[in-house]
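Dropping a structure here in structure tokens format, bear with me for questions.
The first chain written gets the first letter, and so on, giving A, B, C and D; residue counts start at 1 in each chain.
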Amino acid sequence: MTLAGDLVAIGGLLALGPAALTLSRVRHLSSLIYGGVFLICLLLTGGALRGLLAGAAPEALTLPLGLPWLGAHFRIDALSGFFLAVVNFAAAAASFYALGYGRHEKAQSRILPFFPPFVAAMNLVVLADDAYVFLLSWELMSLASWALVMAHHREGDNARAGYVYILMATLGTFALLLAYGLLGGADGDLSFSGMRGHPPSAAVAGAVLALALIGAGSKAGLTPLHIWLPLAHPAAPSHISALMSGVMTKVAIYGFLRIVFDLLGPAAWWWGVPMMATGAATAVVGVLFALLHNDLKRVLAYSTIENIGVIFIALGLSLAFETNGQGTAAALAMTAALFHMLNHSLFKSLLFFGSGAVLTATDERDMGRLGGLLNAMPLSGLFMLVGAGAISALPPLNGFASEWLIFQAILLSPSLPSWTLKLEIPAVGALLALAAALAGACFVRLFGVSFLGRPRGEAARRAKEVDRFMLGAMGALAALCLVAGVLPGYVIDALSPIVHLLVGARMAPQTDLGWLAIAPVAESRSSYDGMLVFLFIASSALLAAAVIHRLASDATRIAPAWDCGFPDSNPATQYTPESFAQPIRRVFTGFVFRAREKVDMPAPGDPRPAHFGLSIQDLVWDFVYRPVTRGVQAGADRLNRLQFLTIRQYLSLVFGALVLLLLALAIWT
Amino acid sequence: MSMFESLAIQIVEMLIVLLAAPLLTGFVRKVKARLLRKRGPPVLQPYRDLIKLTKKEAVIAESASWLFRVIPYLVFAATWVAAALVPTFGAGLMFSWSADMIAITALLGSARFFLALAGMDVGTSFGGIGSSREMMFATLAEPAMLMIVFTLALIAGSTQLSTVAAFMLSPAVGLRVSLGLAMVGLVIVAIAENARIPVDNPATHLELTMVHEAMVLEYSGRHLAMIELSAQLKLVLYVSMIACIFVPYGLAPPGAGPRELMIGAAAYFTKLAGAGALLALFETSVAKMRVFRAPDFIGVALMLGLLATLLRFVSREM
Amino acid sequence: MDRLYFDIAHLLAGGLVLTSFMLLYQDRLYALLNTYALQALVLALAVGWQAHIQHAAHLYITAAIAVIFKALVIPFALHRMVAQLGVHREVESVVSLVPTMLAGIALVALSMVVMLRVTEGADPLAREDLAFALSVILLGLLMMVTRSNAVSQVVGFMSLENGLILAAAAAKGMPLVVEISVAFSVLIALIVIGIFLFRIRERFDTVDLQALDDFRGERR
Amino acid sequence: MTFLADHNVQVVLFLPLATAVALATIASYRLSARLNVASAFLTFLAALSLLAFRPNLGRYILVDDLNIVFIVLNTFVAFTTSAYSASYIAHELGSHRLKRSHLRFYHAMYQLLLGAMNLALIANNIGLMWVAIEVATLTTVVMVGIYRTPAALEAAWKYFILGSVGIALALFGTILIYMAARPVVGEGMRGMTWTVLIADVARFDPALLNLAFVFLMLGYGTKVGLAPLHAWLPDAHAEGPTPISAVLSGLLLNVALYAVLRFKLLMAANPGAIAPGPLMMTLGLLSLAFAAFMLYRRGDIKRLFAYSSIEHMGVIVFAFGMGGALANFAGLLHMAMHSLTKSAIFFAVGQVAQVKGTQQIADIRGLTASHPFLGWALVLGVVAIVGMPPGGMFMSEFLIVTSAVAQAPALAAVLVFGLAVAFAALILRLHGMAFGEPQGSTQPANASYLPMVLHLAPVLVAGVFLPPPLVAWFQHIAALLH
């Protein structure tokens, strides 16, 4: 599909929003809208994939919109094509899912008009080729998603979540605006081609990098700009959460890539340092928070933060390699980053869909009230399990393949000349490993508490399997998680034109190796074969089962749980999400997050119930945001006195201004 | 070497680890008993246990899901595949390139992931205890393991175990500080991962001190057999790994003839015996730690690994 | 002859500044109003003199307005108002006298410095007059911001306006001067009526303001 | 039609005045409201025809590219506001806040105000312009006080006094301009005629011009509402009838801004005079930052948006102060968009206040749930006013910030800081009002939504697409402004 075709399709998406508004009385409106979005997004995905695989040449187009003398520039190259495919595939999956999920939605009229424009805006960001269209679409994306976050505005903390979200989004937009202003330079050329032509000086480029980190980082969820994400993502309806977490964060990374790897010109060696440092901090902080929270969707949102950190580590590595002239290593790291982005969009969407299924079945997001859902919802549970396994980087699923590539890239770093990098990268590697291990614990907890065990509440007991649209969407994503995991070579090769575009080098073709293995550097150095590992595990498990069932016993008896002999324990005696996290909380988070346990244990003989309380604080709130808000409030309070002056005092202000200006005039010349 | 031969060697290798696993456990128990001046069960007792278990009826809790029945086989398969990819008596296994050390670590991680889920499936408090603590140990042991892998990879220039082993045999190795640190770290990780004293006690069923045993409390019959076997396989895996990295002597090089293979096999069994004896000695001479002391112990491994990696990063020529 | 013209114009304009200082100095309301009448008279003379020099007949109208309206009607009306409303007979100042006078002197100096930068090429008569007019304006403003009594503030505004009229009259050939002086007279009349009508406005500096803001719900 | 086209200037100037006289005599408020709308509409048509049929320059009349923008914008907003006012006022009568006699007065004053503003814009004489602005100010003073509540009277009084001082300062500045011009262009009217002044300003005495500009900037700046001269503005907006708030924010501020721009042009054309830019930029940024902080503690919804007007006037003055083709274009666009958006917001706010019976923000909740149209219109308006797309102010702020980054990066940082602080405050209040559990009366508002739609529709398109003729026109003016 050509760029013009893409734009027409996006225009169709944009038109669906107002259509939803005007057709509000039509029956089955939600099926109509979601079906339309599904078809259009499928079309766009197909077009983007075909262009990507065929190695289509970049294509540009200017429309007489946007800034009048500049026009609206659009361009599709390999990078845009990749993100176009990621965005639209996830959006198509989300729409398909919403064909079922959307029916249970009460606030239809607050979702349908905003959903198609949200998808369209993400598409436009990716296709934009000048600063104005980029920021316009970027802000439109924020705005539409803000409206979607506010869909359930009467519930709980959602309004606050929406507020924090729109605020942080705008902060990011302003940062990007300044960055583009700097890139445009004195002659104010705001088209991307113009910016490419005039790379800024080293100092300005450093400032642009910082601004891009703030701008894109606030949208993607880099620490300490992550605070909105765990509030806003859960507040939105689940298919929207999936898009926000799975895709919108990627669009943010696209913005970062476009600025730093494309527009900014030659990079300095140290740029990778802050990127990796924030990335590592983000990864660990994100996953630790994920372990501390009980809200299903909030845990997923925090885990998104972790994955964004992982991606930024890989991006930083890539930059560090690139600036030191190690092309293949840079290509490896960049491939890993892109691969992980793709994977995260798949499994995070899948997990949010799963949480939406749980929500549909139980109307409950608190893990502490769930349990035993696997029996009632076997398919949803299975898909969720695949997602959990993929995000925990279990071979042979896709999450492992990309993290493995990142580790391989880290192992190449001793050849870097800079001491800072030499010292930083191992530490980053350790943090990455820690984050990966913690993610495993986090998802054991998430899946184990909500899907396994016995129901902890009435809602969980009454749960039923969800409809086939939702299952279909989840199933497709789960299958893709497996496919991308067992056939990483194809994905890597498909990514290579993008990587070449970004770092000017590419990895050796992987599909030439036998047995579908991948060997990023050399076969003697490291290799991995997802397909074989998958086949081995599957065959040996089946073999073992077959042998035992055939040669030994296959008799089974269903009985009450043994539980060391304790009789009929109450479901409340199961491990709760809090108690599951307790050992990890004690080891890692006591100091960093000020996690405090308060135990109120009555003395023997005292009949009052015992209480256990847990308080978690995000130090980022305490040390970054609270001072800022306090400062603004104090400023507002102080200045607010000016509202209550007497007329005489106001006149004094005028008088003072006059005298001041006359004095200035007298002193001047 | 023809493809058929190498396939045969690979299969033999897989069978050897499978068969050696209960033997090693039995041997360790025997030595331990002797050290305590007990007679102890016969060395072959684990085989008998396994066979007996497989023949018994499996009792499954009412609240268990389908996952509960699948997990033992998955855990067994993941562990076995991982163990089969570690060179035992000969390097250059046919499929050793399909997973490097990182992937082997991750395979073990998968096994643990599912085992922890199994612990939570029935919905009892003990299962939860086990899973929760196991995952906490893992969050330290896995990074430690990866740091050790990094160190080795930096020294040998590869994360493939065969290549590392070959490098270790070459004169280029010499004596290195990082290697020593890595070895100590790996041993600590191995102890923790295999639920040995002082982190966990494989023989105890005292409710509040269990970790691994608490997770599998509800298993019985053939499922329990699979899990026991996986645990034994894991022990063999770690011993083989330590052996092939730090004492690769006698390891048959790729494409070796039958004689070298025989020597390799003999050396391998000697190493297993030696390691078993050392493990038994160590376990009888220390006491089990409190659960919340264990992170400090495993943390030592992480620190050692990080230190070793840093040393390697900083001084490539050292 | 020119020299004499100039000196007389200078004298009258200087007299206006002097009366401004006198206004600043007053601490009794009635005396203040009388001084204001005096200033209006001086203004009328100054404007009349300008009309004479410039041969601009329409400026006589402005002078007449100054005499009738500012020197007679307004002071008389304000006298009555003070008596009727029972306003304190004292001028309540926020800043005490000496600093006010010092500030006034500084302001005059400032306006001189500012105006004298204007190139010599400009009409010297206009230049001097403008300097004095600016002084009167600034002094009027100073009075408005240092007095808390409504009547004295109005007097400040009116003296400010006198400065404006002086400037307008001094600008040779400037159109609309009469219209402007009429417009300002209307404005002043409105202000005076405003004070009279809205008795709550006894002082601009009223304490009521706070009550009002509470009533609006703006204050927390 | 042809009459309108042939005598467009006369219509623009005298139709409002004639209507004002007529309205003062009509007792029926329904009739007068209709007449008000009709007259405003005709004036708007006449103003539009100015685009096509430019009258000859006269001694007193000037129609050039710069003021046509203002005139067309002014008459358009005046027309829509009169339509809005018709339904608004009826409600006020129903709720006994106003009497019929007040309405007669109100309508007459409305037209007088329009006439005065048109005169100020179209005058080719700085003295005439001053007179017209004074009249406009006095008219609005009276309208602000029309409810005769203590608060309204106090607001009107404050406006009156501060406005008078501003008028006086502006007059002194005007006299100084004349003094500067006289040696060059001669005595009499010529010294106050804009076309003459701008032709010869290069030979004026720079020192006098400097001094004049200080006074004019402060005098007309008071009208623009720049901090620290702004004090009258919030209360005047809050206590008067809402149509008047819309007119104040949407029109009167612009007229004063127009005056400032005229004198900026004079300054810029004299090589010896100080550049007016820095002073305007300073005042602009000061207003922006000050108003942004003041937004936080507002309890009254109309006062809130009044402060937002101060903020935007700051941005506009900053843009014009910075100068350059881009910034001037952005300033013009921002001004036009602000007029349309802010008056639309006031339309919505007025209806909200009528429905809920309160102007207290704290008592207004969940509008999107209880009054979907009003609520979402308010959301759209606020979204546009804080500079989010697709509102036209997104484009203007984009241009202002990028050109500030290119010209003065440090100031760009301050600008962005101010915008962000204001954004946070406005959205915070919007959240409270538009979302959450509805509070208070849920009966539907019975007023015309058309003015709101007429205003918001072009604003929402402008961020994405500006018609090329409009762009060419604005660019031409931007080039004129330097």
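Everything below uses one rule, namely that a contact is a pair of C-beta atoms (placed from the backbone, for glycine too) under 8 Å apart; a residue touches a chain by one contact, two chains touch by 3 or more.
Source: prediction; values computed, not measured.
S.K.: Taking contacts as defined above, which has more of them, C-D or A-D?
M.R.: When A-D is set beside C-D, the one with more contacts is A-D.
S.K.: Using the average of all C-alpha atoms in each chain as its centre, how far is it in Å between chain C and chain D?
M.R.: Computed from C-alpha means, the inter-chain centre distance equals 31 Å.
S.K.: Take the average of all CA coordinates in chain A, do the same for chain D, and state the distance between these two points in whole angstrom.
M.R.: Measuring from centre to centre gives 44 Å for this pair.
S.K.: State, to the nearest whole Å, the distance from the C-alpha centre of chain A to the C-alpha centre of chain B.
M.R.: That pair's centroid distance is 35 Å.
S.K.: With centres defined as the mean C-alpha position, give me the chain B-chain C separation in Å.
M.R.: 99
S.K.: Could you list the positions in chain B whose residues touch two or more of the other chains?
M.R.: Residues of chain B never touch two or more of the other chains.
S.K.: Can you list the residues of chain C that touch 2 or more other chains?
M.R.: Where chain C meets two or more other chains at a single residue, that happens at 114, 117, 141, 144, 204, 209, 218.
S.K.: Any chance you could list the residues of chain D touching two or more other chains?
M.R.: In chain D, residues 157, 161, 165, 211, 297 touch at least two other chains, as defined above.
S.K.: Just spell out which pairs of chains touch, all of them.
M.R.: Every pair of chains in contact is listed here: A-B, A-C, A-D, C-D.
S.K.: Going by the contact rule set out above, which residues of chain A touch chain B in the complex?
M.R.: Residues in contact with chain B: 371-372, 374-375, 378, 381, 385, 389, 392-395, 400, 404, 407-408, 410-411, 413-414, 419, 422-423, 425-427, 429-430, 433-434, 436-438, 440-441, 443-445, 447-449, 451-454, 515, 517, 519, 523-529, 532-533, 536-538, 540-542, 544-545, 548, 551-564, 566, 569, 571, 573-575, 579-584, 586-588.
S.K.: Please name which positions on chain C make contact with chain A in the complex.
M.R.: Touching chain A from chain C are residues 94, 107, 110-111, 113-114, 117, 138, 141-142, 144-145, 147-148, 153, 204-206, 209-210, 213, 218-219.
S.K.: Under the stated contact criterion, what part of chain C meets chain D in this complex?
M.R.: 114-115, 117-119, 121-123, 126, 130, 133-134, 137, 141, 144, 157, 160-161, 163-164, 167-168, 171-176, 179-180, 183, 187, 190-191, 194, 198, 200-201, 204, 208-209, 212, 215-218, 220
S.K.: Quick check: in the complex, which residue numbers of chain D touch chain C?
M.R.: Counting only chain D, the residues touching chain C are 127-128, 131, 134, 138, 150-151, 153-154, 157, 160-161, 164-165, 167-168, 171-172, 175-176, 178-179, 182-183, 186-189, 191-192, 205, 207-208, 211, 238, 297-300, 303, 360, 362.
S.K.: How about chain B: which of its residues touch chain A in the complex?
M.R.: 51, 54-67, 73-74, 76-78, 80-81, 84, 95, 97-100, 102-103, 106-107, 109-110, 112-113, 116-117, 119-129, 131-133, 135-136, 138-143, 146-147, 150, 153-154, 157-160, 163, 205, 207, 217-218, 221-222, 225-226, 291-292, 295, 302, 305-306, 309-310, 312-314, 316
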